[in-house]
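The chains carry the letters A, B, C and D, assigned in the order they are written, with residues numbered from 1 in each.
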């Protein structure tokens, strides 16, 4: 069963009507083809309309849609059985919220790293809701260095409500782990592509988010804080999340407009959750062409440009 | 009060006689100068004799002599108030059995690293008897890389009954931590000097023991296993430690003879424990002249020669 | 006892020039309740003379402690905050900035000075908690960047004194990217083999901890400072029970391997100068 | 039931050529007690067909699994142990070596092969536990070194299959320095951007764990292998209580972050070949 968000109600309704019509046709033998076609046309129009006028808070909700593909699904599908997951930070633990390993993308080896959410209650806990501990960031860095050693491009798939704010995470230096990644990712001498595929929350996202190209899928968000927490801190109430979502300028459009990301990846009509296969295929194409594009530069040039890009971010007044 | 080992009994006796004579002179006013001089001559002769005919097991005992200077004492004295201890592995913990930090040796900055034993019961526990955990080896490596960044020579002072064989040590990868140090120390692009100042037990010692010059102080031992454990494993009894000590060829003389270390540092008459000041002064001179010597090579040459040196170790038959 | 409170406020947010405090006012230590004159307190580097409690102080206070004869020139002093997102919560960000500048006498949450420490050149960046909780926005990032550039230009070490609640939410994505920007600048400093000392003071949390504050060649801290990524309240909510004694204190963070040493403010200058000397690269 | 015992001993220490086992003999799984013919067992890559128990096998067994058509040439096959220290415990080391060579048919505890794995060149070094507990002395170190040289010469990956009780005590200091030597050789391999896969099998402990076995670009292991630095008996004595269930098993070591994956022997060749392909450097 597909899940629908509240504002997806019109889509749900049309989908159900189509299904009902088809069911009745099976029973009665009446030809409903024309009626179905009409409804499907209406569905497309409705979906287009809905997605054109999406507000930031709705984007946030879509980014968390339970039917959305998670990192592993993208990676496994794109690499067609050639992905081998690699484990461990070589110090303390294997973090299940952070996955990584090489896979072949049309024959070319790529290091994929990503935050992984779980698809059901049990897996959500196993994956700690996609909230990595320090060992997750350290595993990611280890794997990035491995990729660098063999001159393989790195692709990170970002999807996290934040770095885990637990007791042991603090003990093992969550801050240090993220900081170290920012520093070391800046000077990785291979192409690095970072893609927000769901939630891009703050330092937890940025910890695997330093790349030559930082891209956001259409229905994702990326900011320094979630709208809910922002509301609670700035408005001292949980009721301003919609306002906060707008104020934070956290959508792909806004982030691109502000020059804080390099591009937007279009999703299938109705969102990635509506058509996994197409979302995967789009992502694969983008990754391949982006790698090809980046490979036109030497690795040293990439590092230099990467550093310069991030150094140029910020708006201030020379008073 | 000075401590004496069993076989140091003749020295103890002579020392006590001298003291008695001096005490009585104070009481009686009799001139004992000549008698004292005679006894002191005898003491020197006896000590020389004793130390000339030391067997390997006695060397092992000397290496553990409770009056022997430990790493911190050497470092603090050699650097004359310019040593700053640096802490932490940047991942899990600060290991008290492994110390490290920069100090100035006649104005020149040197990174000192060493295993530290405690001088009394409480400190022995605090220092875990000089047995480092994985975080100790990782702290050491972090500090070595820091020294490398600023092109400072590294001096390690080895004094350990072994890497700690505890449960958490295994959980956090004692084997990996030592292995990583062997690998990374091989290619540190600065002069590295490793000095056994007490016990050099197995991987726990080697974990900070990869250097351009590996030196042993006269009354120390360095081998793959302690004589006691060797006895227990090979003879299946704890009674063969003296035999094992001989069989293992673990003294400075034997290790030098076999080409497994680069040199021996003479100790003051009666051992380092008998004259800390002189032991410290000798060590300081050796370190300074060795650094000066190594600096005649480029750092790249040092790395190449270091790797070649260790690669040449081993004796086998081309049958 | 309202004069105690006033006094304390003066020290923590407005006391930029110790001379400005009228004589005869008093300071009460919040730890041990010991009372001393504010002059005595300032003379004592704003430590309690009885229990060594380290009062929060300003960037100018730190500069007066560190720079020889309190001589320094400011780097990028003129930068002030824009309002890149036209952000409004209960108040417009633009107005908040204006009010804060007027009230605090500060231009933003970071001040960068260039001068000598025991006769050796150094760039010191220092955060001011009095400016929106020492939060990091574009101005903090850019001043940090120019401080690093100055250190590279002068071929001298770079020191950053952190004191921050984290990111500045009103700059959202821009604020987040200052973590990346400051880290990027530190790679450039490293390429020049110049030492970077991170000095963490009470409190250092959030995005500052997760970027430049943890990236020192050596990380050092004042005693008993709060240092963490997530704030203690959030951690407590996450684990659903009370936090252990001393959690996220400097001493705790040292024990867990993230600090090189803790230094009393009275010994700061001397020890820092020695550390800098020790790390000066040998060519 | 003495023939079961004989059989098992044959498998673990003498079974270098599976064809040498007379037909009609039986293998009983020590885990689940399932009985199968030794031919079936060998056909099944020496796994229990019921519970997948991975029996200890020899270097030649592993080569038969890994190398295409079991074709390989040996590297430094002729090296045998000297007696650098003229070591004698309850027996002279020289005699121990001679007896072991005669009894095991092995020359020392490491065999190095060069051949193809799924059509790609590779050097595989593999330890034999049957030779003084797979202990590392000068011959193991030198063969490892020549294996690395061969990989560099052939510009191909290097794989080491570990199975060892640790250092060879009878070579004392020489044995210890093989940890340094093998690690040094791996820096040379790394300089050539050639992949090194460490494959840990039951048991891998002591000096081997604390050197080359933990230094893989990827570390992989067979299921349920014992992997540790200190042996479980020593750890138990140190902590003075029982060890937790599964302590130092492959699964435990994976969970603690030191293994990249655990692989069933049946999937070893295919998965290893894919990993090697993934790491082949792009120039």
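Please note the rule applied: a contact is a pair of C-beta atoms (placed from the backbone, for glycine too) under 8 Å apart; a residue touches a chain by one contact, two chains touch by 3 or more.
This structure is a prediction, so every number in the text was calculated from the model and none was measured.
The most distant chain from subunit B, with centres taken as the mean of CA atoms, is A. Distance from the subunit B centre to the subunit C centre is 42 Å, each centre being the mean of its Cα atoms.
Centroids of subunit C and subunit D (each the mean of its C-alpha atoms) stand 54 Å apart.
Computed centre separation for the pair subunit A/subunit B is 54 angstrom, with centres defined by C-alpha atoms. Shared interface positions of subunit B, defined as residues touching 2 or more other chains, are 90-92, 172-173, 176, 180. In subunit D, 256-258 are the positions where the chain touches two or more neighbouring chains simultaneously.
Taken together, the touching pairs give a contact graph of some other shape, not a line, ring, star or complete one. Within the complex, the subunit A residues that touch subunit D are 82, 84-94, 101-104, 109, 135, 139, 146, 149-152. Every residue of subunit A that touches subunit B in the complex is listed here, in rising order: 90-92, 134, 138, 172-173, 176, 180. Residue ranges of subunit A in contact with subunit C, taken from their complex: 163-167, 169-176, 178-180, 182-183, 186-187, 202-203, 206-207, 209-210, 222-225, 230, 233-235, 240, 244, 247-250, 254-255, 258, 260, 306-307, 310-311, 313-319.
Listed in rising order, the residues of subunit D touching subunit A in the complex are 190, 193, 195, 217-218, 254-261, 271, 274-275, 277-283. Interface residues of subunit C facing subunit A in the complex, by the touch rule stated above, are 78-82, 84-85, 87-90, 107, 138-139, 141-142, 145, 167, 169-181, 183-188, 206-207, 209-215, 228-230, 234-235, 238-239, 243-244, 247-248, 256-258.
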